[in-house]
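Next come two complexes, and both contain subunit A; in the first it sits with subunit B, in the second with subunit C.
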Partner chain A sequence: MTLFRTRPLLKLVSQYQSAVVLPAATKIHTSAFLQAWKPEDHEPQKFLEYNKKIYPPQSPDEAPRPAFVCHQRSNIKYSPWKMWYIACLVRGMTVDEAIKQLKFVLMKGAKDVRETIEEARDLAVKEHNVEFASNLWVAESFVGKGHVVKGIRRHGRARFGRVEYFHCHYFVRLEEGKPPKHYYQHHPKEPHQQLEDWLQQMRKRKITNSI
Partner chain B sequence: MAGSLLIRINVAIQRLELAIASVFTRRFPPDGFCLAGVDVQERLHQKPAFSLKDIVGDGFVWAVPTARRTIERRMKRRFGHPDYIWKMLKPKTNLRTCNVCGDDHLPGVLCPTCYKKVIEETKVMQDAIQQELQLSPVEKEVVVLYEGEKDGKPEEFFEGKRIVEIPKPRPAWFSKNLLQQTTQQPATTSDVKPSDLG
Partner chain C sequence: MALRIANLLGPRLLNEPLVALTVSRSHDQFVRHRHTKHWNPKWKTLRRQKVMRVKLPNFQEKPEDLSEEEIRSRLKEQGILPPRPWNEKPFFLSCTGGIFEAYVPPEGDGKISPIQVQGAKQKLQYLEKKSRTMMAIRKIKSFEEEFDTATFCKEAEDIYVKMHDLMAKRDLENMTDYVTERAYPEVIHNIENKTIHWKLIKNIELPRVVHARCTDVITKENIFGQTTVRFHTQQMLAVYDRFGRLMHGSEIIAKDVLEYVVFERHLANLYGKWRVHGKIIPDWLPPKEPSLITYLKPAEETSTTETAVTKTSPDTEQEIPKESNT
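Right after this comes the complex of A and B.
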């Protein structure tokens, strides 16, 4: 025997549901649940957090911090190891040059990379306080592995093989200003720099146990 | 009585022999009976336990790498070699820019964006001609005119020709001079008429 009647109680709850339950529900962080139920729709979040960071104001004698925009495209149906070649091509180029070169790359992933860079350029002008769209260069360009769908295929003589359908994420960071002359640290040195280094090495020599 | 005693003695001797034999086959004789200077291996441990590996061998570890891939092999696979096949993408330095529309294209090719416009316009002209002529045989010359071009010309101009009209203005890039015939009558005068240069 219940102390309370359940039906009127439920009616009461349903009346106040819209007022009480929903505001509380919206405060619950649901992304963890979504990730658990549908991991293939999960998109990487950490790279875009860089966009939200607010830097403190700079002092006048400090070198001006160039504006940048981080953008990504998730779960592109392409192999991450093949996409890596396209990402490497674009590193250190101006956005105009990057888009122009990507038009002539005969690979499936080049289309997605070009669209991502174009979107990033538009975002930079709209939201990230970049004055000229052409004054941007590709500071970072890299690939991550996305959702993998696994399947089986049959070979001859009743042998079975595993088939994996890869997706990839493409990340790009555009920075304002002119690109550096050499993107990587290990670049061939200028002749005058080589000469200076050689002279330094020659002068560093010492006869052991001498003054 | 003597017979059974003999039998009993025989049996006893046989048992003794078996006992002695078992001492020597299964295990070494006790310390007192062993020869000095000879290693005695006490086979106290049992035979190694039976495992599937004896039958299958290393079958369950097939198709698995046995050694770490060196950095040289990894780099050769990813980058290739500059003298043989360089796997990294190289930016193209031979791209040309179209003077008309500003888009880039490979050398030896008409600007694709401009050419696409030409293809579309050609299709419009062809559709208009097909609609006009349908299946009748082409005996006379066919002239395609855009909006406002028929009124400017006199009636005799189109005497031996079939007219196809397209109800839209002439595209800016489509010069009227392009419609000059390749086979022309020899010139009567040496004056050059600067007409229809559009």
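Right after this comes the complex of A and C.
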């Protein structure tokens, strides 16, 4: 039994056809119908919509809004649960530091993450009016589950098991400026802040039924 | 065993200092040990046959990168015939591909005041000796009876202003009514990811037609007319990037702009309209205002290293009005 792969071929076949769907025709159908004729374009699109948002002009006295760029790479042949570790490593780092660290991470997904961050950095300078490529930090870095191909394998005593070949999507958002000192909310507090918190707690106490 | 090692090392033992034969612990972390290998390779083939081999699609490759032979071999593998290309889509030429016989603006134009002798001479010379321009205008009049350069200048100004207003509003649907298909991609590229505030304050000099030409495309009757109109205006331009930060120009400072805008009309078409087709940017105009941010100069072909950061402006964008000092 050979697995008939027609769907990937539709993509190749479309290259032979130079006749393209006319712009007027696409206005009749909704995107759901169109997606049926492009089965391979199941790449996530919502994250990249953030790149299209145009903010209103700022007045000169306002603090300048930091630039950001959203980028992704879809269907990387790597497990999303393993990729999560690499995504977590990079969060809150400057792009240079992130790329430097990823060069020495001994995991298959690190290569794709590094390439995605480099692409995002180039996009930021080219299209989003970022002045210095090094002045960027990783604001968001997360993973999503992608295409899953199922196979089977035989176990002892004629038992069968399912083999899943996972793909993942990697999303990254780079922001202009210096990274914050602590990326996560629950970071260890400074001694003076701890003291103030303790004092507040102590002063909040009340003797019940007192005046 | 010590004797065997000594024999292997040979006479070198006598010459070089004795090297430590124990492995230092600090190198352990750079050596990786695989845990996916069974200790008994005898059953390897059978173990391999237990798992069904699945061919995974390569999502990182794009159909554009594949060569024709590659596609052909893949279709053959699956036993599918290549689809028949239906190239019967009709297309309509609504504009020419460029500016034919472009106007060459005289140097020093816009710098001499019309009150002086030289300026007055220039003014007279505008449409006098331009025989080909006059012939072209006559040809345009044969299609459009009420064509008059004076009224056309006013229309041209209206189209010019409307085009810039649509650019500021990012109205792409109505853009093709005022801009030809040849200029359209340049206009779109200039408004991409930006907010533009533009205003025409006044005309320093009235717009005037300086050049006109007609050509035919494919057939002798299919005639397109192009006219170049000289605009000397005072404009306000402020360009903000995607995040609302000022990228170019200013909201309060007005600039004097000298431009030569080419308009085109499909004369053979009854419903043809005069639309902006392009701009002529002479070399002698003063350079554009430098950009507010620094950028890396693109590496030249001869040298591989990138040159230092410079504060000069990038390549001129066609449709954004240039500022000139007059």
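We take it that the second predicted complex is superposed on the first by the 168 of 211 C-alpha atoms of A that agree within 3 Å, B and C clash if a C-alpha of one lies under 4 Å from a C-alpha of the other, contacts with A are read in each partner's own complex, and residues count from 1 in each chain.
In the analysis below, a residue touches a chain if its C-beta (ideal position, glycine included) is under 8 Å from a C-beta of that chain, and two chains touch if they have at least 3 such contacts.
These figures come from a predicted structure and were not determined experimentally.
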Task: First, second, both or neither for A:210, with subunit B first and subunit C second - done: neither
TODO: Please indicate which partner A:185 is in contact with in the superposed arrangement: first for subunit B, second for subunit C, both, or neither.
DONE: neither
- [ ] Check whether A:93 is in contact with subunit B, with subunit C, with both or with neither, and answer first, second, both or neither.
- [x] first
- [ ] Classify the contacts of A:200 with the two partner chains as first (subunit B alone), second (subunit C alone), both, or neither.
- [x] neither
Task: Partner with the higher number of touched subunit A residues, subunit C or subunit B - done: C
- [ ] Could you look at A:167 and tell me whether it touches subunit B, subunit C, both or neither (first, second, both, neither)?
- [x] second
TODO: State whether A:103 touches subunit B only (first), subunit C only (second), both chains, or neither.
DONE: first
Open item on the list: Quick one: is A:129 in contact with subunit B, with subunit C, with both, or with neither? Answer first, second, both or neither.
Closed with: second
- [ ] Give one of first, second, both or neither to describe whether A:85 is in contact with subunit B, with subunit C, with both, or with none.
- [x] first
Task: Parts of subunit C lying in touch with subunit A, wherever the complex brings them together - done: 32, 50-57, 59-60, 63-64, 66, 71, 74-75, 78, 80, 82-83, 85-89, 192-195, 197, 238, 240-247, 293-295
Task: Contact footprint of subunit B on subunit A as seen in their complex - done: 85-86, 88-89, 93, 97, 100-101, 103-105
Task: Residue ranges of subunit A in contact with subunit C within the complex - done: 3-6, 8-9, 11-19, 22, 53-58, 60, 64-67, 74-77, 106, 125, 127-129, 131, 146-147, 149, 151-155, 163, 165, 167
Open item on the list: Residue numbers of subunit B touching subunit A in their complex, please.
Closed with: 87-92, 95, 104, 106
